[in-house]
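Contents: one structure, followed by commentary.
The first chain written gets the first letter, and so on, giving A, B, C, D and E; residue counts start at 1 in each chain.
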Amino acid sequence: MNESLLDVDGLSLGFSGEAGFAHILDGVTLRMKPGEIRGLVGESGCGKTTLASAILGVLPRHALKIRGGTIRFDGTDMLSRTATADQARVRGRKVTFIPQDPFTSFNPVFTIGQQVDELMKWKSPERENAGVPRHPLFTRYPRARRRRDRERILSTLASVQLPQPEQILKKYPHEVSGGQRQRLMIAMALLPEPDLIIADEPTTALDVTIQAQILGLLRKLATERGAAVLLTTHDLGSAYEICDSVTVMYAGQDVEAAPVDAFFNAPAHPYTGKLLASRPEGAGGMTGIPGEVPSFYDPPPGCRFAPRCPRATADCKRRPDPSHPGEGHMVRCYHPIDAGSAAEAAEIVGAER
Amino acid sequence: MSAPILHTEGLECRFPIKGSFGRRLGEIRALDGVSFALHHGEILGLVGESGCGKSTLGKTIMGIQSPDAGRIVFDGHDIAGQSPKEARALRRRLQYAYQDPGASLDPRWRIGRSLEEPLVIHTDLPASERRRKVREILVSVGLPAGHIDLYPHELSGGQQRRVGLARILMLNPEVVILDEPTAGLDVSVQATVLSLFRDLRAQFDLTYIFISHDLSVVRLMCHRVAVMYLGRIVEIGPVEDIMSRPTHPYTQSLLAAIPRIGGRRVTETFWLEGEPPDASRLPQGCRFQGRCPHVQPICREIDPPDREVGAQLSACHFAGEIEVPPAAEDAT
Amino acid sequence: QSRYVHANNSAYDTLDPHTVFDVARVATRLNFYDGLYRWVDNPPELIPWLATEHTVSEDGLTWTFTLRDDVAFHDGTMMTAEDVVYSMERMLALASGAGALFQPMLEPGATQAVDEHTVSFTLKEPSAIFASLVPDILVVNSALLKENEVDDDWGQAYLTDNVAGSGSYILQRYDPAIGFIGERNADHFAGWGERYYDEIEFRTVLETNTRIQGLMRGDYQGLDGYLAPDQVKRLRSDEDVQILEEESMRVYHIAMHNGRPPLDDLNFRMAMNHAFDYEGYINAIMQGTVVRNPTIVPGNLWGVPDVAGYEFDLEKAQEYLDAYKAEHGDDIRTLNIGTLAGFAETEQAAALMQNGLAQLGIDVEIASAPWPVISSNMRNPETMPDMVPYWKSTYYADPNNWIGEQYGSRYAPTRNVSDYHNAEVDKRLEEALLTTDQEERDRLYKEAGQIVYDDAAGIWIYNTKWYGPYADSVEGIRFSPVGNGQDMRWAYPAEE
Amino acid sequence: MRRVELVLSRLVWFVPTLLGLIIVVFLISNVVPTDPARIVAGENATQAQIDALREQMGLNEPLIVQFGIYLRDLVTGDMGRSLYTQREISSDLLHRLPATLELTFAAMILAIGLGVPLGVISAIRRNSLTDQILRLLSISGLAVASFWLAMELQMYFSTRLGWTPLNGRISGFGPENITGFVVIDSILQGDWASLKSALSHLILPAITLSLPAAATLVRFTRAGVLEVVNSNFVLYETAMGFPRSLIVWKYVLRNALISTVTQIGLVFGTLFAGAVVVEAVFDWPGLGTYAVQSILQSDTKAILGFSILVGVVFIVINLLVDIVHTFIDPRVLK
Amino acid sequence: MSLFGRLMRDRAAAIGTLIIGVLVLVAIFAPWLAPYPEDVAAFHLTDRLQPPSAEHWFGTDRMGSDVFSRILFGARITITIAVIAVGVSVAIGVPIGLVAGYYGRFTGGVLMRTSDVFLAVPQIVLAIAIAQTLGPSVENVILALSLTYWPFWARLVYAETRALKGQTFVEAAQALGASDLRVMVLHILPNTLSAIIVRTSIGMGATILTAAALGFLGLGAPPPAPEWGRTISEAREFLPEAWWYAAAPGLAIFLVVMGFNLLGDGLRDVLDPKLRKGR
């Protein structure tokens, strides 16, 4: 247990609003080892961002209801409302964030340099106490540290392949292209030398060629610097590209977690199977999954995929416990696909065209 | 093959960039000499990066945008520059399905009323007849008739797409331009939507222009594919040929950038650097020169004409001569 | 250093003594300038001022004034007859303010400096009222003005913001948006009493209530008079404030359009005259602060016919109305009354009239307009409303100021707004203008007044009383209807 | 360079807008039923004198000619003479402009100092009691008739309690006129008594005037902050562990101010307009009292001049706002 | 839930609606509600300036009339002015904004420049210029307000139309061959409606304030009319003693404007399509 960096255990939460209680996450468990790159995949609206936000502590507080479970990062309880000082020390320093949308995640009225400086002022690896002082508006940025931080910034910008880093720092966010902005985001996520980077669909807003560049960069740098990455995405291809292991979510539940090869070649959960098959290159490229995603206001009990699952039985009314079909492979299903059966495997992965 | 039902010649469409005083600061060449032909019954894929002019091409053909130069010949008639109203009879046979079908429906109108609108405008069918047709169409796109009384925001993304299609099909078109019909959809939904297109095509005898930025979808759906880069079709040809033997370096890198599950990781080997230039500041010569790994002096001088390589047309001086970089090779 | 601060109800937007002629801004004329004679006290009396005496030629045309030789302007220059000539020519040329009064009597050039200290005016025709206008010949420093003339403007631009006079006070500061400060002219020819104010400040405070509150707080030592009765009552209850009370010569009446049916009929006008609740108005609204004035001429002047005044008597009014209807039919159109926007008393009078006429079955519409609009409408018989309640104030203390200007054909339609023309009246008024025999004039005005009264040409309501509100510390205020108590040279602070 | 160009393009609109304004106001003021010549001539003038004056004043010319003449004079800064006071309208207006500006600027400062922080607080405590109270107050601030509030405040604080002066801008005539702003003039001349007097005279009118403006700013700042608070960059900054107060008062506020600043031009307009009645109540010797006097005297030309001047000030302020805008929002220069 | 139901759930909007409902009722039934309906014109000189009492809830005025009754009748004038002036402004401004926004370039430019001219001066200043020129009367106040307020609606509809014109559903309707008029009236106008309604509610409040200010300056309804603004200016002379005389109409204005503002705010919340989609 000691080796795990991030430990999400049985997390259940939801939002109460006018229409009632939306039970978004239902007993989600996620464990990350240092240096691991893990993909968190699932269809739109299945709760990936919610999970990432919960770890980062940016869920809207007034509507949020936590039903159970814990999030621990390196010993710090990230859900506790009393340990805010510790959380502040962790966020932005040990855990950093790459947002989905590089277009709107920069503050439009400050130059990039100002924003990077601000980050380093508080979160530089050299700053002893990464916490928040009493009067942040009036806190100075020590000159000597600023100079050293500046060098660090320039070298990091160069390592994310940004040409002329000095010039870029003087620009406003709207003056640089989307790919450059996303590279800047990666640089900013790397600068505090974090243990974990949470990247929430970092390439959906970009074109394929740029996406390939960015994903490659992210993987290379994370591995070089020994940072773990939690990559949420609904694009299975992206997950395949850079992840060591993958966790699949369906409607707020984690259904399967496996090393990347096992995941794509020997999926165990029926949902994972269907998902892989729905890809244009997949066997069922034109069939999809019949039925609709359940409502969060009134989710089916037990396994939430049961209503659409051809293998479902009465058992599925209870949430299945994890089982382990292989090394580091976890699945929550009473009727997992048999990875050994060639027929079943072909149904999923499909023949090359 | 029969004579094309639709073809364009040297289509150009430019958007001025307005400064203060209404002064022109420059222009975006959204379409820069686009020529292609569309044959009856085929599905022509149109791929390319965001902003390369795919939607503009669709809208120009449709008459929503008027071209600055070039011809659009539909069924033997030049319709370039005519607004939808002017070429009514012809336009009925040519329809455009919006990239975001939810947004193409008036948020304050019920689905039924939106679906009736084309009939109100173009026919003088009595109300009861119109309503009957609406119900018919709803069924053929796979929506329950009860959805007539819903508002657009009460439908899911996939359902909105169906409604968008239903609206277009109301007038029995022959050619339908589908603009990114699966963008933003999850793979599972995308699959069902794609099969719907296939079914409808068979049922109504349609010809599609299928705009997408997703090559794997295009490969699945289309007979021929045109690759656009910065306002120009840089390569066009049968889908299998292009997928297996891309001749334009841009097409090559595009294909190489797509992750292929089970294959080698492209992120480790992907060679293309830099980003596309601004459509308002096209360089002299080949528009891909800034990113092309094979760039030669001639590329900086002369904008390459289309070269024929097999069944493909390719706008590269060295089409058919250059090698696909090794990393891309084993991916194909 | 004793100071007197006065809050005035209208702005001092110009200091030029010759272009404005209203009572509201009289303070600049009285304190910075001197006239040939000066009105003092109540009833007003003329005292020699720059001139010591005058003679009138046999034919009544040439008036010769002897000037003092010890008058110095504020800049030290001595005043001469030339200054008087310049001043009169200036007034005639500018043709506004008091100049308009002189224009019908004097040609340019008719003023002559006989010698250094004698000046003569040659009138176009004999005039009985010239004498009462003499105080308005305010003498300016011609040498100074000529230096400051721009494009032959008679120094108008200069005098707007500067003073070129010899008056009792010397201009210290002036701001048209605020007012002015004057410092005592110790060398004034008329000399000074034992006590006086060293400095006077006149400020513009447009809002009545603010003036009153300011006086009660001690911000001001005096206000312009003519306060509404409610204000008088409030000030009376304040310990540190005194109210001086004087019968004034400001007649409040309702001008009627005599030329337009149905008001062109005597019976109808009589009905009107009996339909106004004089007593209610004077006692309830004005709370007895004014006195009934049965004709247009103020009761405290001479030349007033001895009449009782019409009374509020709806029965009688009905009789007259019946008589009118017998002759002209039952149909009576809606009458319209114009009121002066911002002058509550005119609104109240109109409302009262409306109320009375309603009981006779006559409809009345009230339309309010600012004074300049109303006054320019009144001066055109086409646009003159059927009735307009307003005041006729004192420009000069002669019956002609009231009855002559209001009902004489010579003044139609500018000042005689009633479209009233009666040959008998005109004959007497004209005669009275020419003769200088006081008794004869008294008789003529009385007779003319009687005819106008019998004709019920207007509705005459009251003669204003002047209530001068001053701080207790102020003494020696000398009120005259022309000067409105703002001739500050007489006043002085009470001893501690 | 872009900034200069932006400003120039605004300036290009300045002239036609102004011209349009002049035409509109000129037309309006010429429907007037009064005869200016009569007023100039005075109450005692005869018909002949009036007719002569009409001719002399050019009132017998066709309207278009009169307009041409007016325009020609206006270009040289000549707005004609007030019918009533006979003074040059332009110099009268300029003479009073500083008083009004001083009042509106004081009110503006109060409004910004009050409105912006309260708006931020209201937004970040969204739906709390504080927020409810502040929202109610800001709606009230917009609902109260300023002339009435002025009267009531004057009655209470000046008449009843005697804490503040009743009216006017300063007791006596104040310090030597240098800039026309008494507060500045008294500081320049080290005349502390005058400064004290000026400030005490300023308090009530400025408060009254600023209230609706402050209320507007509270609302706009609140809306602006709310919009920004939910934006992606705030989410990012929060996720990266930036101190909360820094996010709110530096990053959010700066963005929220963009919409607030564009409001300031409009708010200034309402302040200027409000000054007309508030000045009337406090006898403030500015443009407002001038306008009210001109109304009472039907001094059409003066009102014409007043409207034009207010228009110019208003347009200039909006121009300044646009320039400020380019500094706080780099995106407009794109 | 119905629009009204949702509106009523917002406490502020409910209060606003209540105030305006009461105002309308008062305006209609003033002759029956007022304890002394004849006091609008009649007076009792002996009862002048009586403080509030059981007979006269808000005391009496300078003519001895019942202030409460006059306030009730004043509501009629206020409502009339606000409704007609705003109605005319909307009737002028909305079509102008629609046409200008839809046709853009030249037509739009000219129309919007014209409205800019009116917006270049604070509304009350222009209203003063107009009202003073035409003379004080209710009709002239209405005219002045209508002439000066229409640009607000024109601007609003213009901006909305510009935004809507770029929207896909409008383009889609045009692509289907719908005529300009059809697009404008059936597609664009209904989608600007909620903005217009919100603006109108708040505009009513602003109009009432401006009308009251004109009344206060003596440019409103002439004397016997119980108009609130002019009642306040009448009352000034009698402050501070007769405090009720100014307080009553001042509070009446405050309440009514507050009512419209609250309602406008509530409507904004309820009608805002952004909030509606995010149910």
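By our rule, a residue touches a chain if its C-beta (ideal position, glycine included) is under 8 Å from a C-beta of that chain, and two chains touch if they have at least 3 such contacts.
In this text the structure is predicted, and so the values were computed from the model without any measurement.
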{"item": "Path length in the contact graph (chain A to chain D, fewest steps)", "value": "1"}
{"item": "Set of chains whose contacts include both chain D and chain C", "value": "E"}
{"item": "Of D-E and B-E, whichever chain pair has more C-beta contact pairs", "value": "D-E"}
{"item": "Centre-of-Cα separation between chain E and chain A, whole angstrom", "value": "53"}
{"item": "Centre distance in Å when chain A and chain B are each reduced to the mean of their C-alpha atoms", "value": "32"}
{"item": "CA centroid of chain C to CA centroid of chain E, Å", "value": "44"}
{"item": "Residue numbers of chain A (touch at least two other chains)", "value": "none"}
{"item": "Per-residue overlap in chain D, given as positions that touch at least 2 other chains", "value": "33, 159, 280, 292, 295-296, 298"}
{"item": "Two or more partner chains touched - positions in chain E", "value": "132, 135, 218, 236, 239"}
{"item": "Contacting residues of chain A [partner chain B, same complex]", "value": "43-44, 161, 177, 179-180, 207-213, 215-216, 219, 234-238, 240-242, 264-265, 274-276, 278-281, 284-289, 292, 349, 353"}
{"item": "Complex contacts: residues of chain E adjacent to chain D", "value": "12, 113-114, 116-118, 120-126, 128-130, 132-135, 205, 209, 212-213, 216-219, 229, 232, 236, 239-240, 243, 246-247, 249-250, 253-255, 257-258, 261-262, 265"}
{"item": "Complex interface listing, chain E residues touching chain B", "value": "167-169, 171-179, 182, 187, 190-191, 273, 276-277"}
{"item": "Contacting residues of chain C [partner chain D, same complex]", "value": "11, 13-14, 16, 19, 21, 95-98, 100-101, 103-104, 156, 160, 173, 175-178, 181, 201, 203-207, 210, 213-214, 217, 219, 341-342, 370-373, 375-377, 379, 383, 395, 413-415"}
{"item": "Touching residues (chain side chain B, partner chain E) in the complex", "value": "62-64, 84-85, 88, 91, 96, 98-100, 103-108, 117-118, 121-122, 153"}
